[in-house]
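The structure under discussion appears below in the form of structure tokens.
In order of appearance the chains are A, B, C, D and E, and numbering begins at 1 in each one.
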Amino acid sequence: MSSFDTLRLDGVTRRFGGKDALSGLSLEIHKGEFIALLGPSGCGKSTALNCLAGLLPLSAGSIWQDDRRLDTLPPERRGFGMVFQSYALFPHLSVRKNIAFGLQMRHLPRAEVRRRTDEAIRLVRLDEHATKLPGQLSGGQQQRVAIARAVVLEPSLVLMDEPLSNLDAKLRLEMRTEIRRLHQSLGLTTVYVTHDQEEALSMADRLVVLRDGRVQQVGTPEELHTRPANRHVADFMGYRNLLPMRVTSVTREHVGVEGPGMTLTGTGVGDLFPGDEVVAAIRPEDLVVGEGGVPVTVEVVEYQGRELAVEARTDQGIMLHLRAAERPAPGDKVSVVADPARVLVFPGEPS
Amino acid sequence: MSSFDTLRLDGVTRRFGGKDALSGLSLEIHKGEFIALLGPSGCGKSTALNCLAGLLPLSAGSIWQDDRRLDTLPPERRGFGMVFQSYALFPHLSVRKNIAFGLQMRHLPRAEVRRRTDEAIRLVRLDEHATKLPGQLSGGQQQRVAIARAVVLEPSLVLMDEPLSNLDAKLRLEMRTEIRRLHQSLGLTTVYVTHDQEEALSMADRLVVLRDGRVQQVGTPEELHTRPANRHVADFMGYRNLLPMRVTSVTREHVGVEGPGMTLTGTGVGDLFPGDEVVAAIRPEDLVVGEGGVPVTVEVVEYQGRELAVEARTDQGIMLHLRAAERPAPGDKVSVVADPARVLVFPGEPS
Amino acid sequence: APEKPKSTTDGPVPDKPGKAVTLNILDVAGDLQLTQGMIDEFVGKNKDQIEKVTYSKATAPELVGKVKAQQNAGRVDIDLVLTGVDGLAAGIDQGLWVPLLPTYANRVPGMSDYLPGAASMQKLAGDFGVTVTYYPSGPLIEYLPAKVPTPPKTAEELLAYAKANPGAVQYARPSNSGPGRTFLMGLPYLLKDSDPKDPMNGWSKTWSYLAELNKYVTLYPSTTSETMKNLANGSAKIIASTTGWDINPRVLGTVPKEAAVGTLAGFHWVTDAHYAVIPKGVGVDKQAAILNLLKDMLTPAQQAKAYDKGYFYPGPALKDVPLSMAPPESQQALGEYGRPEYEQLIASNPLEVPLDAKSLVAAFDKWDREIGGAKVKK
Amino acid sequence: MTALRHRLAERGIDRQLLLLVPALLCVLILFIYPFAYGLGLSFQPSQGGVFGAYREFFADAYQRDTIWTTLKLSLPAAFLNVAASVPIAYRMRGRFRGKRLLTVLLVVPITLGTVLTAEGLLNFLGPTGWLNRTLMSAGVIDEPVRLTNNYWGVFFSLVITGFPFAFLLILSYLSGIDPTLERAAATLGAGWWPRFHRITLPLLAPGLATTFCLTFVLAFSVFPSAVLVGDPAGTTRVISIAAYHAAYEAYDYPLASAIAVVMGVVELAVVAAVLGMRSLFYTGSTGGKG
Amino acid sequence: MTAVAVPAQEEKTRRARIVASPGAWLVWGSVTFFFVMLAGVIGSVVVSSFGRRWFDTWLPESWTTQWYGQAWHEFTLLDVLIVTIEVSLLVVGISVLVGVPASYVLARRSFPGRRVLYLLFLLPILMPPITYGIPLATVLYKYGLAGHMTGVVLANLVPSIPFVILTMTPFIEQVDPAIERAARMCGARTWQVFLRILAPLLVPGILAASILVLVRTVGMFELTFLTAGPDSQTLVVALYYTMSAAGIRAQQSVDAMAVIYTSMMLVLLVIALRFVNPTQLVARVKEDPS
């Protein structure tokens, strides 16, 4: 049961009352891979994990572990571990017993259960709280119990559904490192759901971006970050400025686009022809104050740690998000420019 | 009930089985302020909110609204709104009814209930899901219902406990903006718990940093970010490099410190004298590759969106976190430097 | 473990069981109070026939169901049933009992020495049961002389008394109570109804009397004990009673010792008896043992035990069993609480057998509908 | 093979359903055959054709009215038991001193059994019982009030035996509801009443329905107390008395079975109505995140 | 845990709330009234059972324990008590073991025929034993199962299993299914999920159902009588006999039997409640953490 080479999802679909929560997810996961599922809230990430775990029956499609069909097996016989988005801790068991539960189910010797449980408790920094019941823990503490409970089993496949969402930045970084470390040292395969692209980018070998239950793009973090397949992925990957424009010129390298009160040069994604309605996508950090660009008026300046997040509006009333190192004052008029390589131009779909 | 000028917490303490979850929290909140409670997991943030809302009786201390003592009032008579960390949605009511509940409690006219509920549903982007039960929603959707349910009441004080933890980056930004907008346009007072310092920094007027139930620092985002009061706050505010060192020299502006295999110049926080054991705190983004600095060997390079997060080790084996614009390879030897103004030197406590 | 039927259930009954048997005796009439001593004595002396007896007690109505269930399944584990008229009749009607008579009548010679009343009662048992105890029962009225200085002497006076003292006259719902039903069955004789044995067509005076009386009766308790209690605590002044219910409760202390009984002029005793019956399906060995047991029980020495403490006064079914033969406790109790006048009353009033089961049920039903239930209707 | 299993699983049939088997076997073996026999019996009366027994029952107002008599007793009793249990159980949430003792005391009457209840009611509420004595010596009344051997006696006995039953169930159901939900409602400005009837009550509804059904069924089949403390020929001639009469006095088993079947059908009608209403309410997890 | 002193102020607010609410007065008032009535009912029986003679007075003339001695001997009560306890514990144990898994499936799963099954499980509760008691006893006798304890236990299972199923269904619905899923993800097989996760969470429900089944079993006269042999009579058969059999019996001895019956049940109940709390653990943790 425990080990496998590939796990193949074939058109995995799950419907809720006539609506597809997940439709036709096909994916091959290799042993040792770290896959992140990414996508907006409600896009079907948890549904995908639940299907993989066997907690939701599929409406269509199949799941194969090497050559064994998996989707007809009950969850407890798949040998996967899972961190639930809602934690789903056993309310009547102490932290320690929650974590030890899975080990006890495998009838490991008492001493080993103890050792591994202690280790897991330490891993998630809950030594002081080991005897509390879940109802007596803070939200983040509960989440950490959920993580410990899943990883202590060292399962062949770990499914994690937003495992760090309730942790503070520092702990989150530590946990990330621990999870990666475990993943690598134990040779686990991990499928990781997160709403945090930074987390996904920094942890995963491959990312799967979902939207409305459909796969938008599968690729390495760099691929997704620099070459999002469509405007939705771009939108999701932090291209906050999505400007509806029209193509004016197409060269081999660049595409000239024009919108209300501004012209830009960018890189086309897909076949584009002059006159096409398109969307130009630019990250805030790629829009910088510079000479000869689009003239804008600063509206909101937000302090964000080191940098300042600025919202500015063009004379035509289009809102742009940018970053600035120095603090401009609201009302200042500046001009912003962007590197054509960092301006992505997508065909405009009727959205 | 509804409006007030100041809300004063006076030594608010809450004990659980002999352990202080929150101890001696004193704070004055002014009408219209946006306060963020920040701190590591388990530090007492939710406890503080629960005490304020009247859901947990205080073990000591008192809460005053202007000149009225508040802590003896039951929650329903305080007129505050709250987003629970665990959502606490009514499982038997549809999204719409969950959100309308509070309005109905105020016996508003039916049409107004409808209008305001619709507006709140739209605000949290749940138009499509308005008739579903909470059990049929994704985690993030549930969280948004919780937000809408609290803000639709436009209460004089809104308490939000990690309201955005399960939302994707894009939605989180949108929601942040909406929350700020509501806060400003309705003149609400908001106490906001988050584990995300970026969120806290960008949204709040003032931050309260807690640790182990005790207040560490209260201040504006900038104060906290640039002048953390102690190494714990620094640690929490993203000063990932905390290096135990010893003071070698003290000038009016700078402090010279020395540690195993490295010397640095920094800015002292508090009184320091040569020979003192101290901790030098530096953010990863302030440690840059440059001439004549500390020689290190690159160990791990992580792709993080635009930048690269690098872990490197000094010859003496101390791990440093830094950022790099270009991709160094693991094993590369580089030298790193830091601006003395950005190196904070704290008295070393026995931790 | 379930006991397999060891011996055959039909065929001739031997004189003695081949091997000592175990008997399960079920009492649905409260008869063991009178006869357990007899049985124990016999068993003590005849270990070679009866190894052990177990007693269980139940109420008559449920008996039939249980025996039926066992017989349908072909495993009967109740060997001897001690029952009153109701259970006896129900069993006869449902064909539950072994027809012991007249085949084996000669094995129980005591049956020829029955008192006249007992002999009439034995006729009701047809071929199936053997009368083991007997008493003339009632109807009597019972009262506290302190509260009722001049008790009614006739049925009409009783009615008049009730009219004058609403709520003071009480009898329990006949289907739940011996004295209640004795009163019911005794009325036709008192009122000289056309056919005292036909409640549907021959009781017109009785029914109109009861209906009239009903106007002044506030309560029909569901058990005789309750009427006794009400008599004792004063909430009832005159209640229906029988010889046994007169003596025994005073011995037990539920009714004050000074309570007195009266009779209504021209009454007939409506007698009562207990029977021993054997369910079909009981092995012949056991039948043999039972016959021997019954033979022993129907001897004067044993019958004298039936005096008890007036529970079924007098109790013995046989002639010539004077109180002086009874155990000393009986003699003492009856000496203190007994009523010498009973002998005279028994001797001088006619004895009648009770209604047969069908008519009795019909009478109960009619009483329930027209008397007990009259208050809710209209 | 797997395909078949897959298809069945889609319709909700899988090995988990095997958990039903022991219970199902018990009911099938121990109940269905005997019940079918009894049911069959009800259609084989000694006279009057297949439905003779039923006709006999329904044609006779005295018999037919027992249905109404029984409903008049059991519905109010069940309703009172449930309605009284809810506020008491609701008040008993949370911790306070002596809670356990109070729980035990409230549940104690369940141990009384019909006989003690009946005896106690007769003794205590009877014409010379302590209650009447007290009231009379206090001068509140001149004549003893009749509280036994009538409708009220039976009603009290149904309350004494039914209330703890309902209370125990409701207390347990109530404690399965996450208290956070009520707190959430409180922060939304709901006082105790809206909290109770908008949040707790709907979540409790399935439990209430079940409790009501069970107390009703118990009350509907009331027998010993209807005889002992009631007026079994009159106001409390409940349907089980009619059945008992047929079975054990008249030995008319077909009629008895028919009456019992009528009893079952009436109960079923009430239970179905209640459970039908229950399905209008939310059923499902009553707490926890997600 | 409990030794932590509650701050005075917290105490005050609580008291203030109790004083403030008229609802609370009403509830506690009716509870008190109920207790007074109950004390009267139980007290009068207990007093009577120790009284030698009790006529028209507040208390009996003199006291005695003879009624207990008599009852004890007449029915060899020790044996009967032992049998009663054995039978009822067996019935409770088996019906919980069989009933809870079945109610789990009915609560959690939807599959074709679910409603029919539900109805099937309802029937034994609704149908009075008159319909099926005798044929059931026949079947049991036929296979040699009746006439001793097996039969009594089996017959009592007929209404008990469905009873457990019915009461447990809402309890199971209250448990968040995600918790079970989590257990499965930890590799727990179905029976382990039951034993380790569901059972502890359902303890209050199981307790309530067990107590109710116990009460019903101990009080189930008809089925017990029909299937009992001479040495497997339970207390209720003896009690029922004293109560309604022909013959003369002192009121006090009935009262004594009833008191014995109640005492036995009370002991069982108190033991059960001593070790198990009818409040769900989840609620207990969240309720009032102090």
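Keep this in mind: contacts are C-beta pairs under 8 Å (C-beta built on N, C-alpha and C of every residue); 3 or more make two chains touch, one makes a residue touch a chain.
Keep in mind that this is a model prediction, so the values were computed, not measured.
With steps allowed only between chains in touch, the distance from subunit A over to subunit C comes to 2.
Counting only chains that touch, the fewest steps needed to get from subunit A to subunit E is 1. With chains reduced to the mean position of their C-alpha atoms, the one farthest from subunit A is C.
To overlay subunit A on subunit B by their CA atoms, one rotates by 180 degrees, a value rounded to a multiple of 5.
Set against one another, B-D and C-E show the most C-beta pairs in contact at C-E.
Averaging C-alpha coordinates per chain places the centre of subunit A 54 Å away from that of subunit D.
One simple way to say how far apart two chains are is to compare their mean CA positions; for subunit C and subunit D this gives 38 Å.
Looking at subunit A, residues 84-86, 88, 91, 136 sit in touch with two or more other chains.
Shared interface positions of subunit E, i.e. residues touching 2 or more other chains, are given as 56, 133-135, 138-139, 176, 178-179, 240, 243-244, 251, 254, 282, 286, 289-290.
Subunit C has residues 62, 65, 176, 223, 229, 233-234 in contact with two or more other chains. Touching subunit D in their complex are the following residues of subunit E: 21, 23-24, 26-28, 30-31, 34-35, 37-38, 40-45, 48, 56, 58, 97-99, 101-102, 104-106, 109-112, 117, 120-128, 130-136, 138-139, 154-155, 157-158, 161-163, 165-167, 169-171, 173-179, 190, 204-205, 207-208, 211-212, 215, 218-219, 236, 239-240, 243-244, 251, 254-255, 257-259, 261-262, 265-266, 268-270, 273, 277-280, 282-284, 286-288, 290.
If you check the complex, the residues on subunit D that touch subunit B are 178, 180-181, 183-191, 194-195, 198-199, 202-203, 281-282, 284-290. Residue ranges of subunit C in contact with subunit E, taken from their complex: 1-3, 24, 28-31, 33, 54-60, 62, 65-66, 68-70, 72-75, 77, 84, 176, 178, 223-225, 228-229, 232-234, 244-245, 248-249, 252-254, 256, 311.
On the subunit E side of its complex with subunit A, the touching residues are 176, 178-179, 181-189, 192, 196-197, 200-201, 281-282, 285-286, 289. Contact residues of subunit B toward subunit D in the complex are 53-55, 74-76, 79-82, 84, 86-92, 101-102, 105-106, 133, 135, 139, 142, 149-150, 153, 159.
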